[in-house]
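Next up, some structures in structure tokens.
The following pair of complexes shares a single chain, chain A, combined with chain B in the former and chain C in the latter.
Moving on to the complex of A and B:
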């Protein structure tokens, strides 16, 4: 019945349990645990709770954006301007701070700027039907460019003491504020993507936007909202990063887009749209955080880590494809 | 075809208008000698944009060109330090650039990974490799031989060698695009991949060829860049890939593939080059450059989209009337 070219039809469906075990997320979990064990053996400083808490900064800010980016990628779009949105948001907050704004105003401005930038991207993509890759390459240049116009080679420093809470504060023991924001964002986006109509519509658009349109989904409106969410999360990440660094330079958060996209892809989200899960993104963020922290303990310089991130991005997509090519032969 | 022609005419008019505005305040800017300087200064952008054009025509994008340029430039400087003669260096950088492009091309062709993901990854890998090679050290002017530095700047018939190289490559790419099967294949693959397959064109192989071309040009530009500015380090041409994409988009190369011309591409690069050179003359901080090219990209794609949007077929005519 099954010839060399025909599709193999199984006698029965695989059980949900074995499917879950073979899933990408299970693999990620195993990888995360393996890295955890290797790291704790490689360095005596790894298992210290305070060190681990410090290390969480490696991924919390990027992961916040990655949740929104995952939904955007699932819907078949991409936003390469997230790092630049952060730079512009940070610059706006810096300018307001110099004008004497307090912490609540700074946070409001941060969220507002992120939303505005997201709305701008969303308007160009959803309203005017322009391809998101080029639009966000353009805004990547534009948003950071505005920061350069405002700041030049200068910097904003001297944020108010209360503002430091977001990036440097602790909620309880070693649990940082950023870690809590990360967990809340994971929960919120998990529910939004997996438990609401909105989430189902995002998958539908990613699988076939035309079919989604004909089944009554307001495709453009949802795309717009997704860009808005990505802008908002970039704004929140910018608040955290600015508060943690305590200063703003126009080069702040450069290269974030690469790491955010890597986390999303590593998390098993199909770059072509239509599939992926938030739990995968959470695990991918943990893996990335653990890898960079472990390498940091081994004194590997940042640029070498970026090679590893780049290679990881390609390998994660290439290996499954190589595997299926080889197994087909 | 008439739309294509008019788009290039509009771009040419925009460049002339830009020059006129600058000339009204600073007549010296449009003197032939200064325009030649602008052309020379824009040569690297033109070279990379031509390679990027081939890639974009096939519906891909190459974000690794600037990193490729930086890596090849560094290798050229290292080879020069080891006493390798200049012709060998030139050959080596072109081959190395082509190889780096081939890596992108193979991943896109054989594994079918979206080009944006591949080149986002190789961008950091190539740039990181420079760090691995040099440990972050700079190679400065005094560590380079005079012949190595002077070659791009040698003036022949009024223009430096670098400009002549750019002009020659423009000519070669124009012939490649218009007069060879490969050039037409670039357009065919991007215009309609299915139709291309039925006419016997391998889509993947054509995309691979485009990446190799873009890589080879980036490698060559790497040497020219390092020799002209007489310095090589990890971050040279950082973010330049955005300018390259901007030049293509402004030049009317459709990001959806299959349409665009060499003339448009070169004019797109010149448009950015003129702005970049005019900013200090007009007294605007060079920090404006980045935002201006971003705005130029957005205006250009909005403009291109309105002139080439395919009208959707109305299936439910009655429903359409009612709304």
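Moving on to the complex of A and C:
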């Protein structure tokens, strides 16, 4: 590479296509296809469209949150309170339902509660400069605690029939409403992260927040918006889950936060911030969904299933690193 | 001069030689077959512009990088340094620009960390460690108490601890990478004495520096790299400063500052009564279009703090500024950029380029509103903006899609400047723009500043280098302890006046 005078610098040396071929996402796609094939050979019930449609509930609600969470993690933050936001949102909707609210009001309250919880997290992190992991561990207990106080051992049941559409309805044939929301959310977040100024700034902040600020970016404002989005998506997920279950208990959606983070990390988003993609998160959600569904068909108990999912996560994260260590030697 | 005088000066054989070293990183050939010889009891100066491959060769010598090709010879025998420990065992040690030391540990512990003497139980022998630390410190003329915690020492004393640490392994080759960058005048003198002592002990010294006076004072030999290539080597007695500069840059550089007379225009920025609770007080000045306004002062005089508050990083507790016709207080960097004030920071690593993002994305980061449509990215526009400004600054890179972290420091600085020029600012603040960059890049930056001013941009240059301040500025403001203490222009802008005002000697004309 000799440098001539006048120095013309080419835009790209590797084409986007060749980059995509070597990417994490390509590997995930292969893993997803492999699991699909293994599952379809292991169980005769796997390839049934209605079974697959039912199985999509394994990941749709978590994945909706995972898209927003991915952007948050890319920016260098995290929100561990998403499961608790769902519990609080569901509780608020349940209380409104017993007071006689109709479906539109319930949905509005669900979205509003999610946004408010996100705003609370965002305020503490962006405005007061507290570390997000500490803030959201706190609000994780706080939000769910409120649900426990309101509900105790009880539950809200008897949601209106129209409300069931979100979690139990079908748009066409085997395509559920949740699956459509999942797809629309994937598209919206994909565009937001990869095609807009906002997304670019998120990457800049995640790579070096100080330098981003020194480049005239309103770092705190963007962080706040990301928490707001995560709260909103948690609210939408809570509407879907509550509608699907038809009831609200304070333990609803417990443990969701870790599964959401698992999908995000499996999707190739660096937990240190700065890199990752929405397509990776989509594929990771599919992989997780296929694995749990396949194991379920084979009657693998839940505890064993969580061991397998954990091992899968570590293996998929560790293998490429091991590979590059070995090939460098 | 280009012939290698290995046989000519005779009897001494090199302790350590590198031959044909190649090291490639993605998209960058950092070293393209370089050679280097280090002789016992002699100081070899390694000279080259930023990006010439000096840091890379140091990492190869200390076992941090493995060369792709080439040989390392110790006493004429071929060897490898697969790890930093292996290099240490072969007697190669480096004193870096910023050696990592541990504040909460004692001087002796810092010197011997990782290879402390053991007693027969395999535990650290504190007594032996203290004694040996004291003797090493004594041998370099630093009579520090080895039991003192590091945090209680001055910067200069810490530097001596770092040197003692490097010598605590039985070093035969000592690498000094810009050792005087953080030192005062007196401390530099002490360092020279230390180098003489090390020479007398027969150690081979590799001395990396940008300062020519320093090189001519202490080096015996020179080696020049350019763009990862070996350009020449020889004895210091047989070379002139002009020869070395020509070899370094591949052309002759005019040492005279290229300040062109510019048309000083309307006030671009007026700062009135800027105060900060701790850093500065009552700052008033006016900057005009086409003007280069120098800010001189000692480290800690509050110059960077004033600039950062003008750029919206810290909020002033009082005061306002007028930009063009608007009076306002800048509360965020985004507002500063909107108002046309941009800042090229001194701390390039942390505040400059966003490492991890490609070059073009760094350049367009503050200009996204212009390159996008309705908030949506337009890559073609981004590449064209990035191409325009990186070419203007003569950036050297493999592609615009390359991670900015893979560039050398000087080229990263160019990316930051390109980023700001692309916003078409009114006021550009350059904070120590040429600190730690080589003579060729320095001249390029100076030339460029002059051109910007000629185009009507208002330039503030914070600099601690007197020739630069005097050579480049139309006017100089001197700060001391958070206040503006003097302002000079024309014939009054002398080095003597600046220094007197900066240190607070009475009688300085104000």
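Here, the second predicted complex is superposed on the first by the 305 of 329 C-alpha atoms of A that agree within 3 Å, B and C clash if a C-alpha of one lies under 4 Å from a C-alpha of the other, contacts with A are read in each partner's own complex, and residues count from 1 in each chain.
Basically, contacts are C-beta pairs under 8 Å (C-beta built on N, C-alpha and C of every residue); 3 or more make two chains touch, one makes a residue touch a chain.
Keep in mind the model is a prediction, meaning the values are calculated, not measured.
Legend: residue contacts after superposition of the two complexes on their common chain; A:265 is shown touching chain B, with no touch to chain C. By the touch criterion defined above, A:311 lies against chain B but remains apart from chain C after alignment on the C-alpha atoms of chain A. Which of chain B and chain C touches more residues of chain A: that partner is B. In the superposed model, A:45 lies in contact with neither chain B nor chain C. In the superposition on chain A, A:204 makes contact with chain C only, not with chain B.
Shared-chain residue A:217: touches chain C; no touch with chain B.
Legend: residue contacts after superposition of the two complexes on their common chain; A:165 is shown touching neither chain B nor chain C.
Once the two complexes are overlaid on the shared chain, A:323 sits clear of chain B and of chain C alike. Taken together, the chain A residues at the contact with chain B in this complex read 78, 124, 128-131, 133-135, 137-146, 148-149, 151-153, 250, 255, 258, 261-262, 265, 271-272, 301, 303-304, 306-307, 309-311, 313-314, 317-318, 321-322, 325.
On chain C, the positions that touch chain A within their shared complex are 27-29, 227, 311, 313, 332-334, 336-338, 342-343, 345, 350-357, 360-361, 365-366, 368-369, 372, 375-377, 383, 387, 390-391, 394-402, 419, 423.
Within the complex formed with chain C, the residues of chain A that make contact are 1, 3, 6-14, 195-201, 203-204, 206-208, 210-218, 274-275. For chain B in complex with chain A, the touching residues are 61, 107, 111-114, 116-118, 120-125, 127-129, 131-132, 136, 234, 242, 245-246, 249, 255-256, 285, 287-295, 297-298, 301-302, 305, 309.
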